[in-house]
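Structures given as structure tokens follow.
Consider the two complexes below, in which chain A is the common component and chain B and chain C are the respective partners.
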Partner chain A sequence: MLAAKTITLPSGKTVKQPFNKIIIPAAIAIAVFIVCSWVVLQNKGTLKLYEIGTIFKQLFSPTDYPAMNIHHTWGDYFGYLFSLEIREALGETLRMSFIGSIIGSVLCLPFAILCSQNIVKTKWIYVPMRFIINLVRTMPTMVMAVIAVSLIGMGALAGIIATSIFTFGIMTKMLYECIEALDMGPYEALQSCGANKTQAFFYSVFPQLLPTYLGYFIYNFEINVRTSIVLGYVGAGGLGVILQANMDSIYTRSRVGAILIMMFLLVLLMQAFTRYVRGKLQ
Partner chain B sequence: MIKFINTGKKYPNGFQALENINLEINDGEFVAIIGLSGAGKSTLLRTINKMNAATSGQVLVNDKDVSKLEGKELRELRRSIGMIFQSFNLVKRASVYKNVLAGRVAYHSTFKTLFGIFPEEDKIMALEALEKMGILDKAYERADRLSGGQQQRVALARALAQNPKIILADEPVASLDPITTLAVMDDFKRINRDYGITIVANMHHVDLAVKYADRIIGLQAGKLVYDGPSDAIDEEKLIQIYGRSLHADEVHGRVDAPKIKDVAGTSVFDKENKKEKKKSVKISDVEGE
Partner chain C sequence: MMKFWNKKKHEIKKIQTQLNDQEQASQKVADKYNQRPKKWMYNGGIALLVVAAVVYAFISSEISIRDVDFATQFYYLWRGFTHPNTDFLFDMSKGGVPYLTLETIAIAFSGTFLAAILAIPFGFLTAKNVVGKHWSKLGEVLLIIIRTFPEIVLALVLIRVIGMGATTGALTIGIHSIGMLAKLYAEAIENMDQGPIEALDAVGANVWQKIRYGILPQVIPDFLSVALYRFDINVRSATILGMVSAGGLGAPLIFASQAWNWSQMSSVLIAIVIMVITVDFISSKLRQKLV
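Let's look at the complex of A and B:
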């Protein structure tokens, strides 16, 4: 397997097939997987498979706790599912991620241009710019949310800041890679017409970029909806806030279940929406 | 008038693309530049609107030294010079009309153009340019829906919309089929004749250069080796430019082009070999049908 193979053709010529180098990284990956699994399994705890049924029942149906004098009906369950609290949290999640996506994707445009090697030809502009963008991207959104919450307090504004920065980082990177792959012929043609750099960009690069840009925006909006659900966990507004509030007590498990159902529906809807819009953009 | 005085171009990697070019192109002329790939044809053309700056000597366009122009002055010069490219360089997903209107961008402020605000005259100019090129009915189609020849006409319309005195064409027909090539070259001739626009074109096809241009400039390794009227081009001069005599298929493969028999006649068809001749005649017969 590992040895180079020699094939002899009917004409008598021999062709030496080169050694397939993919085997080495593949072998390393398998070895790492085995070692990691072994380490993890050292501390396996106790598997309580039989609990799954109970947990699901607590989450997705009304549960009675007679000892606490708590009696729930399906009416209560659906009542909470469509309650004002959930609707408001849902709205806040959507608002947060939408505004964050808009701010991030508008801000990223000039930075994406400054990162593009084919537009900014000066190395000492695009290299440091890319470094800054990479720095922004290494910061986990959760950490940014925590910082934002501690700076301006709990609420949607902190979430907007976190999602904006997240969108900004990822969109800049995606866009400048896209700009670098574009056909620069029209840009050159516009410059030969006497257009300045800004005009040339908006009349040649931007129209080519536009469908991709909108596609990225929609895609980021979808990601932001999912991320911002979790952001609420650290107090940055949205569904995550009520999720966190109901997670502590065993008696509010059915509420957690209802919130999970809503999250699931929201993500599903967002995916359908993204697919529809991206299809239209093609 | 375009005037080259001891013009030279040395690329940063040390390659001397042009050396000591002295040349004068009068208003209204149709000039073809021929030579091997890498002889400096594109570079010469691009020094005229400083898409590539000359590194020594001068390039004068209407007595202004182009290589010294910067910023606004350079852009003002460029907007009076149209440029045509081998690959058309249109924004493929934009409409034909938008592509042509882009030729007017340099006449207006950045702010206005960013919002797409153009005066009525400009819109009419753009549509008129399309009318002149005979593709007005395609105005609101996406540029990439058009055939290669039509796309090059859109590029020509964009150049015309600039209201230029000069049109520079960098291999304008190199990616077109032989039939479309002739049609587009006819358009160049028409623009040159009807509107008195100076045309400077890089050409790979010697026969087309001879047929359409008034004057031929031959470059070899960055040096001017021929400059004269197109009907004075003969075998000896082609050897000067290309370093050896050309075979029939190297001239273009179209022996029915009127002047080509005079041009390459002697060596190509008689001296070189007779097989070549038969082959070429066959090709021309097929194309003639």
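Let's look at the complex of A and C:
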């Protein structure tokens, strides 16, 4: 395989087939995969393949346990789908992610300006700022939520803090990259007319930035809805809370299925909404 | 004398007409300006709506803060974060942070590797230029279902089937990542240049030769860069999967948080930060080489 193949052409010339360079990275990747899967397989449980059908049946059909005298019908299943509990949890998820996105995207404005190379020209301001933002971005939202929950207790506030920190990190990065790619002509023109830096920023950079900023906000809102759905699993409010509460018992597992269906619908609606708004913005 | 006055009159008239013209022109500009599309009502309405939504969201979410002494709580947090549990951080056994970090990266890598391979058929079956418009819609719906099924719930389902442990985490990531990877693969396939395939057709290549020499060389760099990007994301989600006992750093993190053991938590957080920064750095360097 590694030996170069020689081909003799009808004219008598011999041509060597060039060495395929993709073999080396592919071999490295496969070797790493073998090592990794060896590490992973050190820690495995017992395989129960027959469970897979059972669990999906439990999730997506009404609970029926003759032994416990529990007989739920499809009416109960769909009744739970639109019950008050789920509606409230859905509302809380939406509010949490909305407030988190608002706080994060307002907070990110000054930091994005401080991070951008073409507005703040001093190196010792924007380099440490970027380092801090990168540090903020390394933390997964779920880990943030865990810290917030153990600090201020369970509830929507912990989720709001986690989502706003996440939004802050990602929005700052996206915005300063956007500011650096802006056309700085109007900014310089205004400064040469005698405007100070703030005036020049608000009349030249801001109008250029606004549509992009709104687009990023909508994008972040969508991500935050997706993440805050499961944030409740660690106690940070929203749909995850009832998901976690119903997951452990086999008698309430059909509720988990109903919650999953609602999650799916919510995400689909959010996708349609963001697509519509982004279409309007452009 | 009369001649002179006539001349002057003529000049004055000329100036007057000029002024009139100017006035008319500026009037025209002003008229046009007044006829500009009145968007302030629309924009103001949307702004009002957004403000109302913000106010409503803040008021209606009953934010309650637990009755705690915040000063002491933050003091404990600060003391824990400045004094990480070094015994735990440098514990070389299977329960220590270094091994768990390795396990987290292993979960992310093997999961991404599996997904990167499994997503190839899904990608081809979702690409519009391979299967046509209607079948591609069906594939898209399937991928959306895979993507929206939350990772944690998938892990909880798989735990019943495979049992607790890192293998479950790797499989969860492997299945969940297919959703995004296949979508981006399909986009790469749709953006492919048709020229080489037509050329291969012209020299009489069969289907496999067309795939090998016409399609693969074009799409493999895109596929690899997408898979590397997903690896970045998966390293983060592998830390989360530990919280439902699917292996990795999440389990000690959630135990420490439930026991308010800030020093142990901070040693886990240090490991997460170092791991994520390193992985991000390596994968961005590799991606730069690819493109």
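Going forward, the second predicted complex is superposed on the first by the 228 of 282 C-alpha atoms of A that agree within 3 Å, B and C clash if a C-alpha of one lies under 4 Å from a C-alpha of the other, contacts with A are read in each partner's own complex, and residues count from 1 in each chain.
Keep in mind that, in the parts below, a contact is a pair of C-beta atoms (placed from the backbone, for glycine too) under 8 Å apart; a residue touches a chain by one contact, two chains touch by 3 or more.
These numbers come from a predicted model, not from an experiment.
Asks: Tell me the contact category for A:Gly185 with respect to chain B and chain C: first, second, both or neither.
Replies: A:Gly185 sits against chain B, while chain C stays out of touch.
Asks: Counting only touches as set out at the top, which of chain B and chain C does A:Met68 meet: first, second, both, neither?
Replies: neither
Asks: Would you check which partner chain A:Ile147 touches, where first means chain B only, second means chain C only, and both and neither mean what they say?
Replies: second
Asks: Could you look at A:Leu9 and tell me whether it touches chain B, chain C, both or neither (first, second, both, neither)?
Replies: A:Leu9 contacts neither chain B nor chain C.
Asks: In the superposed arrangement, does chain B or chain C reach more residues of chain A?
Replies: C
Asks: Who does A:Ala195 touch here: chain B (first), chain C (second), both, or neither?
Replies: After superposition on chain A, A:Ala195 lies in contact with chain B alone.
Asks: In the superposed arrangement, does A:Gln208 touch chain B (first), chain C (second), both or neither?
Replies: first
Asks: What residues of chain A sit close enough to touch chain B in their complex?
Replies: Per the touch definition, chain A meets chain B at residues 183, 185-186, 188-196, 198-199, 202-204, 207-208, 211.
Asks: Taking the complex as given, what residues does chain B use to touch chain A?
Replies: Contacts found on chain B: 49, 51, 75-83, 85, 87-94, 98, 102-103, 105-106, 110, 113-114, 155, 158, 162, 168.
Asks: Which residues of chain A touch chain C once you look at their complex with the stated criterion?
Replies: 22, 29, 32-33, 35-37, 39-49, 51-52, 55-56, 59, 91-92, 95-96, 98-99, 102, 134-135, 138-140, 142-143, 146-147, 149-153, 155-157, 160, 226, 229-230, 233-234, 243, 247, 256, 260, 263-264, 267-268, 271
Asks: Hey, which residues of chain C end up touching chain A in the complex?
Replies: 53-54, 57-58, 60-66, 68, 73-74, 77, 102-103, 105-107, 109-110, 113, 144-145, 148-153, 156-157, 159-170, 220, 236-237, 239-240, 243-244, 247, 253-254, 257-258, 260, 265, 269, 272-273, 276-277, 280
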